[in-house]
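Worksheet: the structure to be examined is printed underneath.
Labels run A, B and C following the written order; every chain starts at residue 1.
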Amino acid sequence: MIQLTEVHKYFGHNHVLKDISLTVQTGEKLVVIGPSGSGKSTLIRCMNLLEKPTSGKVVVDGVEITAHNAPVAKVRQQVAMVFQQFNLYPHKTVLENLTLAPIIVGGVAKEEAEESGMKYLDRVGLRAKANAFPSQLSGGQQQRVAIARALNMRPKIMLFDEPTSALDPEMIQEVLDVMVDLAHEGITMVVVTHEMGFARQVADRVIFMDEGEIVEQGTPEHFFINPNHDRTKLFLSKILR
Amino acid sequence: MVGPFAGFKWLALFANWKVFAEGFLTTLLASSLSLCLALVLGIIFGVLGSTHFKFPKAINRVYVEFIQNTPLVIQVFFLFNGLPHMGIMLPVLAVGVLGVGIYHGAYIAEVIRAGIQSIHRGQMEAALSQGFNYVGAMRYIILPQAARVVLPPLANQAVNLIKNTSVMALIAGGDLMYRADSWSSETLHYGPTYVVVGLLYLSLCFPLANLVRYLEKRAEVSA
Amino acid sequence: MKKVSLIGLVLLLMLSLVLVGCSSTPATTQSKEPADLKAIKDRGVLKVGVKIDVPKFGYKDPKTNQIDGFEIDLARAIAKKILGDEKKIDLQAVTAKTRGPLLDSGEIDLVAATFTITEERKQTYNFSDPYFVDYVGLLVKKDAKIAGLKDLNGKKIGVAQSATSKKAIQEAADKLGIKVEFLEFATYPEIKAALDSGRVQCFSVDKSILFGYLDDSTVILPDNFTSQNYGLASKKGNDALAKLINDTVNEMKSNGELDKLITKWGLK
């Protein structure tokens, strides 16, 4: 469970998050949509403290990570993140990308980490690429490796920040398929995306952000059938062409 | 007439080869120790300089600016003749290693800082998001990647470092250059002396330059 | 490692060129005037390498920028002999390290710079008969309780590179059965700094030079070691010049000129 209470974030004078209070339930699939610059990334990055809120509280599974001296690194092991630019470790093989953090941070035995790593590579359909380097893979493959890397941490929560928007169109689906597959498990997911098909398929709730505020939230159907706000309608009309 | 390279001078030189062998070993020892020191200092201060926090950055700047903007000779001279006045009498080898190590540490810190900053910040974020702390992220994710970028300039530093151990000649450090100065000024056979000593320095620096070229190529293949 | 051998080859080639270039004798002119002296006369000035940091011998006064001393006067006498005018000299500062190469390259005709004559050095340069005899001395700190060489057992002695004092002291130490260690420095001020900082317990060079570094905290011991004969050095091959220099020195010795200079500079 993730709880944000009255979170504000400033970059200099730029007020990027304005008094956000939000609770993501355990097992919930939350999709965040909104125009560019509305603060979606900043919001999701506050959930694992990659961005430190200027004020307000963030609590993850009962631990207040915004508190002074909070065990942030410990919490982050439970909160995996998948980035728009994949951010795989280019100097490591695919399998090493999966096993590095579990071995060093999680204290898992090497064999065990490799075994589970191969299992997750299998799951994203890339078992054969275990010994390749990231630069030898396509964008879609890299992102699938990134997801497998996140999974190999055995996280309770997964954060996705526009995982498909850096991909060529023909590769988007292979990544979404993996994510849909994941969603059928009990894991908590927060996904920033404009893939409304995906939202409709898996989301328990969708929130629409604009100018640092949560303008509207509801089920995917609510957003497709009758969104309340004009700003929401305008935004949806642009992405649902 | 007797030229600077007259035959009997060469014979005298080879008869005294032990003088130069000892100097060569001292230079080798001083070079390797000061290279280790320079790398450690360079990494620590380079990392400090690449952070976004004011205090470590300030420490990095003070070190780098102070060392880079004063002559090595003065730094070494201070360690040799200044410290004893404060009651610290370091052995001359330690003076050479410290002096050259600290001096090149400042240059290596700059090389490393630039190397770290050339690594996309997404790498640090990915590492942090996986639960690495800052030091772990540096050690396992950032520095190994930066190492590739910094290898060529680092090699340059290593080569310069070896050559700069010759400042030890100024403080009777017993290194190759000291032996050369001492022997050649005593016998006046400076011609063969400096040719041979030059070749000995070349034999240290040249393979190093080649090794790095090789490593560079290998890194390119796996990148 | 093909490259290495290639570089080695190139270096050898360069070397052999240098060797050949140096061993070929310079063309002698037909006139009865020897080539070496003629070159100086044609130039109209005698180029002399001198010390600028040894008071009384060759010293550049920082206030006037004038170089003066016993050896400068000596050089003037040689200039007068060759060119008929003692003002026609061009003084160049040399150190122990540079005087050899400067002679070889022809940058200077003559070295008058507390250059000690040794058998080994005579193989390389022409030396005149001695114009001054000095002794190696020891400068120590007053509070070090050192009265003579034997008190320096196990201590470090700072000497100048290229100086013969190391050999002299070593021989004396061997006779006394004591052990000393030598640290060599390129310049005298560096040795003095090392004495002050305690890096060495003794500063040992020719006495005439030591006097320039005597101060309130230091003392020169009465010991004298192996005589150091200073000679005027010139390049081998310039034999007419060497003969003229030697004749001049001996002439000055016999007619009392040399003693006059020594007295003038307070060296006795």
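Please note the rule applied: a residue touches a chain if its C-beta (ideal position, glycine included) is under 8 Å from a C-beta of that chain, and two chains touch if they have at least 3 such contacts.
Model, not experiment: these values are computed from the prediction.
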From chain A, count the fewest steps through touching chains until chain B is reached.
1
If I average the Cα coordinates per chain and compare with the overall Cα mean, which chain comes out closest?
B
If we define chain centres by averaging CA atoms, which chain lands farthest from chain B? Would you check?
A
Where the centres are mean C-alpha positions, what is the separation of chain A from chain B, in Å?
46
Cα-centroid distance, chain A relative to chain C, in whole angstrom:
80
Taking the mean of the CA coordinates per chain, how far is chain B from chain C in Å?
35
Residue numbers on chain C that touch chain B, as the complex places them
3-4, 7, 11, 15, 18-19, 21-23, 25-26, 96-97, 100-101, 104, 120-121, 123-125, 158, 161-162, 164, 166, 183-186, 190, 193-194, 196-199, 235-237
Chain A to chain B touching residues, read off their complex:
48, 50, 73-74, 76-77, 79-81, 83, 85, 87-91, 100-101, 104-106, 133, 135, 149, 153
In the complex formed with chain C, which residues of chain B make contact?
1-6, 8-9, 77, 80-82, 84-85, 89, 169-172, 178, 181-182, 185-191, 195, 199, 202, 206, 210
Could you please specify the touching residues of chain B with respect to chain A in the complex?
120, 122-123, 125-133, 136, 140-141, 144-145, 148, 222-223
